[in-house]
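Each of the next two complexes has chain A plus one more chain, namely chain B in the first and chain C in the second.
For the complex of A and B:
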């Protein structure tokens, strides 16, 4: 046994798969300790906030200031306000509406802005310009008007008692705050989803749920498949016929269709994560049963089994002591694949809206379902679905690698 | 030898397959893009029939009749409704309707130039025949208006007289509903209706389901092509409406079409690619399409809420649940705790004004309806949400507390646990229900969401005795000449309680005699000041009793356009007063006469 285990851990394929899997498991266990709280809590208003670090504007105003005189500050400010394309488009508008722009250099920011401010009128409808074009200029104009070129912005506060506005100070162009001095800074490595939830926190929790679903589904499927396979293979005769009759029926009906029908008929209020896992297990035992049966058939006439029979051992004891150990490695490999396909099945079901009910726990499939419902894949909010896909891919990749590694150790045909 | 034979056979099979595909592709109708206006978000599945007096036509572009205006692309109505200002503009009618002093008869003249597509004249007899066949076969028109209209009679060739039903006191049952008929009922040709009856041996079911491929129509477009991929209409260049007394010209696009998409995502992709010009589809974060992606897409208004909101999707409390029925404090507390800003920002992605801008009442957010009640009188009753302290206090004061310490409040030992339900796949509603559930947690009331399939949902929420759904969503009607009266009745009308297969209103089965008495008086009241007083009183009752609560405001139709091919769609502030009704509904069809090609 020790020898076998040592051999398994010498298989590079198994090691890589095991490593990835353990990493995910550690993440699932440790991350909630670092970042505790309900993963389903909405923190953001609005859909799909971009990944990044968010600094409280309110708090930074009151924080300790430092003055930094950075040479590129002004040009950066202008560039973020007015791209090259915007300049060309501004000139186009001035031109198409017949404004006098002789000698205007579009790279001369000041001249361009002043020409724009004197001439632009949102009510004008230049010929051949669509509403979308006009809207573009309106947005651009709004941005330009909102941006200030004043040397300092003044801060004021409204006195709640008198309703008077009192000036409290000002912010200059060279004023900076150290980010560590700001009380509220929130890093959202994967942004937020359509409910304004922290995607990373949700993802970690969902990966945990999905692993549990996979384990339950895998266990249920393997147990059923194993026992039916053992009984059918060892006993043979009419028992085999009956079991194979049902197995064949289940083989003919596509498992996923069966899964959809059962999930649908259970109804959503009954569908917890565990129920879904059990249902997945109940529909995916078929091929385990078939292959265990064929393995057992090849074993049942071996000498040691016959000896056991002659010694008068009970059927259960023979199965348990003389047959099961010989196919155990095979069953473990099958189990690993079942876990992997259980996770995938949950994701598929949830994507169809037939997964666990939504308010209690996040699952990988549900995250993808909501991302899809809110068109994340169409409006470029990759952080709402791509990390989820990656996690699903990594989990099933690691499990499959482990399976292949085991196969190389145990399968006599592949043994080197 | 045999090998060679097999290869040849394989090749021939492959060739046949490719040829077959090619032949199939050649059959697809291709229309010149710059003469075709494509719609999206209307037609799902293959068109069933073209029958204006039938049922289940599944023919969105030809036979849809909404409260805010019937779709007059193919069949026409007497008047066109403009939900921007509530005006009724004559279409087949000539001039305004004349209503008698006692509000019982309404007389409408028909335009003498109005013609059918077979070049015969539209007469008052057509209206009479259309009404009569509707009553005989009990079609949609009969169910919608049969309770309010006694008869439609042709006085002469060009004069239609509509007589309202009268109640026991000799008063018309509801004159407002007659107005709805004027903008909502299509007309079919009398001669054709006779053929229709004859070929179906007067059998009502057969008539309702007749495919009506041969139907004459009065509208500017008729059937061109239809299969499971698309439906196309072609302009009738002899359309009567090009007469100076109507539009004075033909609508601009020669064809209008609607491809049939598998789902919302497919349609969104097509819209972004410019394959759809006018789209009636809820697109989350629509502003990203132009702000981030720079696509030539726009909406009626450039900024949130992007469109005209006419209705308010509402969460209804089921009064068949005794806990909800008996405890007003409970109903109000849940409503007070809900985070409406989050619903509007996250679920509606800002395509709704907030309840701070337009405080809750029974009115939709249009200026006209908002002016119909006294805001100051009910100011103290209007809540804006996220008031956990207020909600908790209200519950504590009402004695609804957590007496067994399990973390949830209870009443007489029964833990407060409700479900919040809406159909599966209705994205913004599902998200809203999730947030109602989240609010419940804050005030220690367990609320879980439930998203059944539409086919199940529709049979349960319309059942007056259902006990399956505690808090469930449905929208009241949006705009119509009979609004806001119709909507108020939907919220509070006692006559709707217990109605079987109820698609009309009061889905929560709420009963209030006082409110009902006022609702009954409104249709007969014409004095503006008195009306305002009555509506204010109804709003007061509604906000005190909280039989339901609106979750957001919502457009009746979404209206987004892609200006890759066509431009000059209606826009806010263009002075044309054409409503953003996807260029087809009610007076919205006027948009089709103003379109221009991009770059023209």
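For the complex of A and C:
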């Protein structure tokens, strides 16, 4: 046994899988300690805030200011105002009015602006351009002029007594605030989702829940499959016939369909994460049962089992002492696969709208479902769905790597 | 043909038995659940209603519509009777359309999407797996982890990634549906072109998913066969490598056919969810709509159709297997 374990930990495939899995597990366990709080709390109003660091505008106004004169500040400010569409439209105006824009790169802000400043004339009427179009260019020009002049913004406050607006100060374009002096700064590494929840916090919690779902489903499936397989294989006879009859039926009837039928019938209110996990386990024991049975059949006439029988040991004892140890490696491998397919099953079920109740805990499938419902994939909010897909893929990748590694240790023919 | 008769009869009997079991499960499972589906539907429809008699009238009407006020066995025979007449009930969400009418169009979209995709994925996967086993070394080292990772991206995940990259960003393919939204299905050339444009992304997402698993299976089967005694013996005899490899891969393919027969249910399940992402007008999307609209007759009919599809494809693969593996025939004659 010790030898086998040492061998397992020398298999590179197993080690890589184990490492990834442990990393995920550590993340699930440790991250909530660093960033405590309810993962389902909405912190953002409106949906899908981009990933990044958010600085309180209100607090930064009152913070200690320093004046920095940075050479590129002006062009950066203007560049940030110009979207890709604006740039294309500017080039279009220059082109339509017959200005020389040979070799102009619209992503070169400086060149584009200088061409614009020298050539733009609000009175010109390019052919085929409507009044609305001309107004658009006028507004764009106004914005650009304002951005490059950057007049100081005045801060004012309404006096509660008189109702008068009193100027309190002004913000110049060279005023800077040290980010550490601002009281409220929040980094959202993965932004927020459609409900304004912190995606990273939710993702970590969801990964935890999904792992638990996978573990419960895997345990239920393995226990059922193991017992049915042992009984069918060891007892044989009519017990074997009955068990194999049902096993064969459930091999062909897709578990996925049973899962949908049962989940729908249970109803949204009764579907907690645990219930869903148990139902997944109940519909996926077939493979374990089949293979345990065939292994037991090859074992049950071995000498040591016969010896045990002659010694008058009970059936349970024979199964426990003389058969289980031989098929243990196999059962563990099957369990690992069950865990990973359980996680996947939950995700698919949730995407169909049959996942766990939405109000208690997030799961990977539910996060995916919400992201799809709110069209995160169509409006460019990659942070709401891509990390979820990657976490699902990484969990099952690591479990499968571990499984392949174990397979190579226990079936030496696969190595060479 | 003589040797096959017994095998086929056995397979057909099994098919009938599993079909019967599927029917029983499809009918009894939802009815054995503690929750009353009729009550759940009434609850959704009557939410906000304060008049208790009105609510109970709705409940009574649905009870009559489903026949849930009658004893369970009688309901089952009514269900079977309706089934033989091809009647799977009336849809709730698309009242008064018949369920068979809705599924009649959806099923072909699913069949024509999934059948070629799974076959192509299976073939590509097997070729890659065999190559990985034969060439080993660097090819194996790079390809194995890559395919392993690829095969672990869930089908819906692959669908989303392809959709975002090729439809939203690169605009090479349309975003959703099975044909352009302003068209009515007909036999014209324009319509076919639109269908093909919409076909690509769902097709490739299913292919990419199925490649991984098949390649890994084929690789280990081939390695197993390459180490078999008959290969060593053939090498001793001086038979050319190319000829040996042909035998090896033929033998390694056989379990892959069985593997496909057994895993086809899971594959179809995954592909159905991928359909939802593309809003493809097949069974997956129909099921999704049915679930969101609480359209009970439609859900139950869809699950039944999917089960039958899986059963049929497994059955056909079994038949095919008999023809490609002569041992099956030999076993039946003896």
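Note that the second predicted complex is superposed on the first by the 345 of 416 C-alpha atoms of A that agree within 3 Å, B and C clash if a C-alpha of one lies under 4 Å from a C-alpha of the other, contacts with A are read in each partner's own complex, and residues count from 1 in each chain.
We take it that contacts are C-beta pairs under 8 Å (C-beta built on N, C-alpha and C of every residue); 3 or more make two chains touch, one makes a residue touch a chain.
These figures come from a predicted structure and were not determined experimentally.
When the two complexes are overlaid on their common chain A, residue A:51 makes contact with neither chain B nor chain C. Contacts of A:236 after superposition: neither chain B nor chain C is touched.
By the touch criterion stated above, A:266 is placed in contact with chain C alone, chain B being left untouched. In the superposed model, A:258 lies in contact with chain C only, and not with chain B. Of the two partner chains, chain C is the only one touched by A:248; chain B is not. Shared-chain residue A:126: touches no atom of chain B or chain C. Taking chain A as the reference, the larger set of touched residues comes from C, when chain B and chain C are compared.
Within the superposed three-chain model, A:389 lies in touch with chain C and out of touch with chain B [touch as defined at top]. When both complexes are overlaid on chain A, the residue A:378 reaches chain B and chain C alike. In the superposition on chain A, A:353 makes contact with both chain B and chain C.
Under the contact criterion defined above, the residues of chain A that touch both chain B in one complex and chain C in the other are 264, 267, 353, 372, 377-378, 380.
Taken together, the chain A residues at the contact with chain C in this complex read 248-249, 251-258, 260-262, 264-267, 270, 340-341, 344, 347-348, 351-354, 368, 372, 377-378, 380, 382, 385-386, 389, 392-394, 396-397, 400-401, 404, 407, 413-414, 416.
Listing the residues of chain A that touch chain B in their complex gives 42, 45-48, 128, 130-133, 135-136, 138-139, 194-196, 264, 267-269, 353, 357-360, 372-375, 377-380. Residues of chain C that touch chain A in their complex: 14, 17-18, 21-22, 25-26, 29-31, 33-35, 37, 40, 145, 148-149, 151-154, 156-157, 160-161, 163-164, 168, 175, 216, 220, 223-224, 227, 262, 265-266, 268-270, 272-273, 276-277, 287-288, 291-292, 296, 299-300, 303, 306-307, 310-311, 314. Taken together, the chain B residues at the contact with chain A in this complex read 264-265, 268-269, 272, 283-285, 288-298, 302, 341-342, 345-346, 349-350, 419, 424-425, 427, 430-431, 434-435, 437-438, 448-453, 561, 563, 567, 569, 571, 598-600.
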